[in-house]
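Think of it as A, B, C, D, E, F, G and H in the order they're written, each chain with its own count starting at 1.
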């Protein structure tokens, strides 16, 4: 099928974006990436930790993946911009997931600072994918600021609560002429499939895969579910009805 | 001479270069990015770039994240 | 993976059962079966129609599929038994989906007559899969009567309304030591995936595939979604939380 | 002679066999099942099985169904 | 308003039926009944307990309430009939809530035994209100057996899970020409209101009131919610729309 | 009960705010207000319409109600401020509902402009109740800007779709130390009750009442439902459980 | 003489009446129903109804229930 | 003399006061608010406030709204 998603000039065949945090052991990541089929993988930027001789995360991510550093840890647009620039200096491309958070309980993103950071970074040539709290007017401003895609949350990060913001995400999909990537909260493949059926361009999943008992199998499950949901979206699903409609002929039979 | 590396005050040799510092810290230059007094410095500059007292250095790398 | 579903002595690798009714043209069925991966296909029994020189449905169903005739049209156990015997006489195996319906608006099955028919047909050596309105005590009686699997409805036949009976189906899965196959009402791949994630053994889909704009693509989508849901069920999904849980490290960063 | 085929009263030849009837109706014997006076009859019996007046015959086949 | 519910020849103004079990102290019951406005109160029948000099529950139930003994403890129709007869012998009227349960985990009712008991007791002149697992054909049989009303569960007894069987209860309301009383599982006033808005004739609440921190206030809340839901049902609610519809005039304003 | 809601120095006993738009005939409004018990009523500001000798809406609103003019029609903060000042000049108090909308399909509010307008108007001594798209960080900014309460939408204006933004509204209630008033989208009394049970301080209803077949009865229904939901919130509702919990004693009975 | 009261074997006086038994048990007759050998007995019969050895008596009452 | 009333160009008498204009338009002064060249004017000013050519007047009132 020639159904590709183009973001920042790159043509993606997989519509599952993968987060690389929280894995019990990072060495499982290559198998997870392979099983999921993901072509975009997020990473975070942190000060080197002298104490723990932690392996380099990049060694676990296949070279043909698009690397999407996030700006986690940023509480303001200014900090997000600084982190994004550091990330780009690593020479792994110019994608960035903007994430500006100052709420410590629900880790909900700050749309206002996110818009400011988007504007600056898009102006500097980054391919900017802002993580946001679903809100139509904020999404419009992100689009105007130069975002390459919009990433509204389904529910708070890491909760596995699913697509609780369906009503608002549905409106973004309908009204915003950019790819909508549901990021955060997706806990089950069925929820990823539902997001895709609604017309999301992609979903970003991390916790649900990283914390599953078998992350490789779960990655494969998400990969298939995302593809299934996308395919269903393109296949003109039938109408939802109030009354029943027989699957077998109702015409007369033996008793008549 | 004392400088600030990743927010911690640290004793280093006078005029040590970034390259020398990284080597001394056992860090693979290919896996880190260096910000010197709020300015990001390209890898090609590290061999020449000497630190001065009270300089602020950020040495960052990629880790798993979502 | 060696995850097989055994029903009536047959080992099934695919957990998507396919209904063959309502296709705009029956000649699409072979491609639909292939795309879906289904190994069990339902058919109905009807008087030959001299008026329409209708092609034989069996010519469209691959020979290696398990054929599961239904007893649609039956309003009583007696009629269901008669139809089942006719179906078996065709020499295509001994599986039967019992379907006894006298409600014309919602086409809801009659559990009482269904239990009676199950008892008779199981006694005659049929592999009996009764379609039922989800009810724990009725399911226990079906199990006692010799059913090989239990097929509760997700919502009324042909409505595409989805898994509206989740609460009751969940209990059947937990309490009945037989495969639970969600039959009827599943309208989207995401709903099929959710049923599988809950622990259903399989799902039976007809309308959602047959009436899609592109039934072959929709069949493939369902096949993948069912597999994804099953895989997720086996992969120990993570917990669902109230509060957020960062995917990226929360440890100190530049500003500190 | 009149018999009931699938619920409809129909004129057929005296003592016609099921085989002959099917042929006459243009039905492929491999795709149908025959119930004669409420008793299912095996394909092997059809050539010998003659109908009598008022017999009830059901001739069924598989169609698409869910 | 002259909106009365007639069951067994009695005209009820309140559509909230109250269960009397599980109260921390039975002496709160009169205030609960008064606050709720309930006119029908259920009780259970038990062997006298010599050990605990338990007060008589009837002393706590206002004399003008309709007493509805249940047959809890019965595992078969026969036991239910025996309990119902004992209850009637107490001389407190001829209403009975049939409850036949042999499932110990979810306490789900046995529709089959319930139908048998209904037939016997209706024949003996009882006003029979069977508690049931929502199933259209079982409800039809209960109606045929002489039930005065049908009481499907919203979710398992005592769970406070709410109206999880909405899809099936909605169909009962539409198809069964008897009052439908949602019994069991209703945990919040909003859920009681929703059941009434759907067209339920009444709801029976016990756990949600008895185990609230303030049962009297909760009883009042349920009483009001039931009345609100009923009133809304009778007031022709507006349509549910996809797109917005301004509440204030959209005609031109200052800027034009 | 001494449960009062204080906003802008005024103590409100009713937690149902009423919108005055869309009534088929404005002369029903006094009866609607009385039936609902509402003490706060919204109105819009418009240019006088010479063509239609429209009666003055204020003649239909009881004098003891708090009048809350909205800024509907405003597309920017500046316009909203201008409308608010005009409204205050009418001499009917200093409350204002800020409503800044430039989206024509879903009429979703613009949180950014709303914050600006809130800051200006709160600085001028208005009691400001901003209508907003539910977003935690925007709500925090509104609080900082001087809002007296925060009014997130349940679903788009006039849709009667209900509390679709539950997940986000729940977080606002938990995190924002101001009254949260659910405004827009509430279509049924049960939904209003649910919002109150969640801890909303009040709900604002217009379309659901104004477009009901019987607006006076529907107003009464909403008034009762809001009170019921509030009372339930204050009564420590019982826990929601997975497994059943008998309402009648499970101790031995006849059969033992 | 031993009888079964609510499932428990109990020693009672020979030919004791139901009324006497209830009094002895401290039960208010207005709040109980009595089943004697599977037959429900009206309150009016209790004064005359004498128990025999091995009789089965159920004495039930109303309790809170939902 | 032409002024703009609620966005429409309108012919009015020279130096007409707001009070006179409202009376002429049949509007009840108690139900409207007047903005004159973007400045809200109190009711007490209306009798003295004369319009000049090209003035912009907004006359608003309350209507039903949610």
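Here, a contact is a pair of C-beta atoms (placed from the backbone, for glycine too) under 8 Å apart; a residue touches a chain by one contact, two chains touch by 3 or more.
Every value quoted in this text rests on a predicted model; they were computed, and no experiment measured them.
Colleague: Which other chains touch chain B while also touching chain E?
Modeller: Looking at chain E and chain B together, the chains touching each of them are C.
Colleague: Counting hops between chains that touch, how far apart are chain C and chain E?
Modeller: Minimal hop count between chain C and chain E: 1.
Colleague: Which one, E-H, B-C or A-B, has the same contacts as F-H for more than half of its contact pairs?
Modeller: Repeated interface of F-H: A-B.
Colleague: Specify the chain most distant from chain F by Cα centroid.
Modeller: The most remote chain is D.
Colleague: When the C-alpha atoms of chain A and chain H are each averaged to a single point, how far apart are the two points in Å?
Modeller: Those two chain centres are 56 Å apart.
Colleague: Can you compute the centre-to-centre distance for chain C and chain D, using the mean CA position of each chain? Integer Å is fine.
Modeller: Roughly 33 Å separates the two chain centres.
Colleague: Specify, in ascending order, the residues of chain D that touch 2 or more different other chains.
Modeller: 7, 58, 63-66
Colleague: Where in chain C do residues touch at least two different other chains?
Modeller: Those would be 19, 21-22, 44, 46-47, 70, 72, 82, 105-106, 108, 156-158, 161, 184, 206-207, 210, 246-249, 252, 254.
Colleague: Strictly by the criterion at the top, what is the full list of touching chain pairs?
Modeller: The complete list of chain pairs in contact reads A-B, A-C, A-D, A-F, B-C, C-D, C-E, E-F, E-G, E-H, F-G, F-H.
Colleague: Considering only the defined contacts, which chain C positions touch chain B in the complex?
Modeller: 246-249, 252, 254, 256
Colleague: Which bits of chain B are touching chain C when the two form their complex?
Modeller: Per the stated touch rule, the residues are 7, 58, 63-66.
Colleague: Can you list the residues on chain E that touch chain F in the complex?
Modeller: Listed in rising order, the residues are 19, 21-22, 44, 46-47, 70, 72-75, 79, 82-83, 99, 105-108, 156-161, 184, 187-191, 193-194, 197, 206-208, 210-215, 217-218, 220-225, 227-229, 231-232, 234-255.
Colleague: Residue numbers of chain A touching chain B in their complex, please.
Modeller: Counting only chain A, the residues touching chain B are 19-23, 26, 29, 42-48, 50, 54, 56-58, 67, 69-70, 72, 85-87, 89-90, 92, 157-158, 184, 204, 206-207, 210.
Colleague: Which positions of chain A touch chain F when the two form their complex?
Modeller: 102-103, 105-106, 108-112, 133, 135-138, 141, 155-156, 161, 164-168, 171, 174-175
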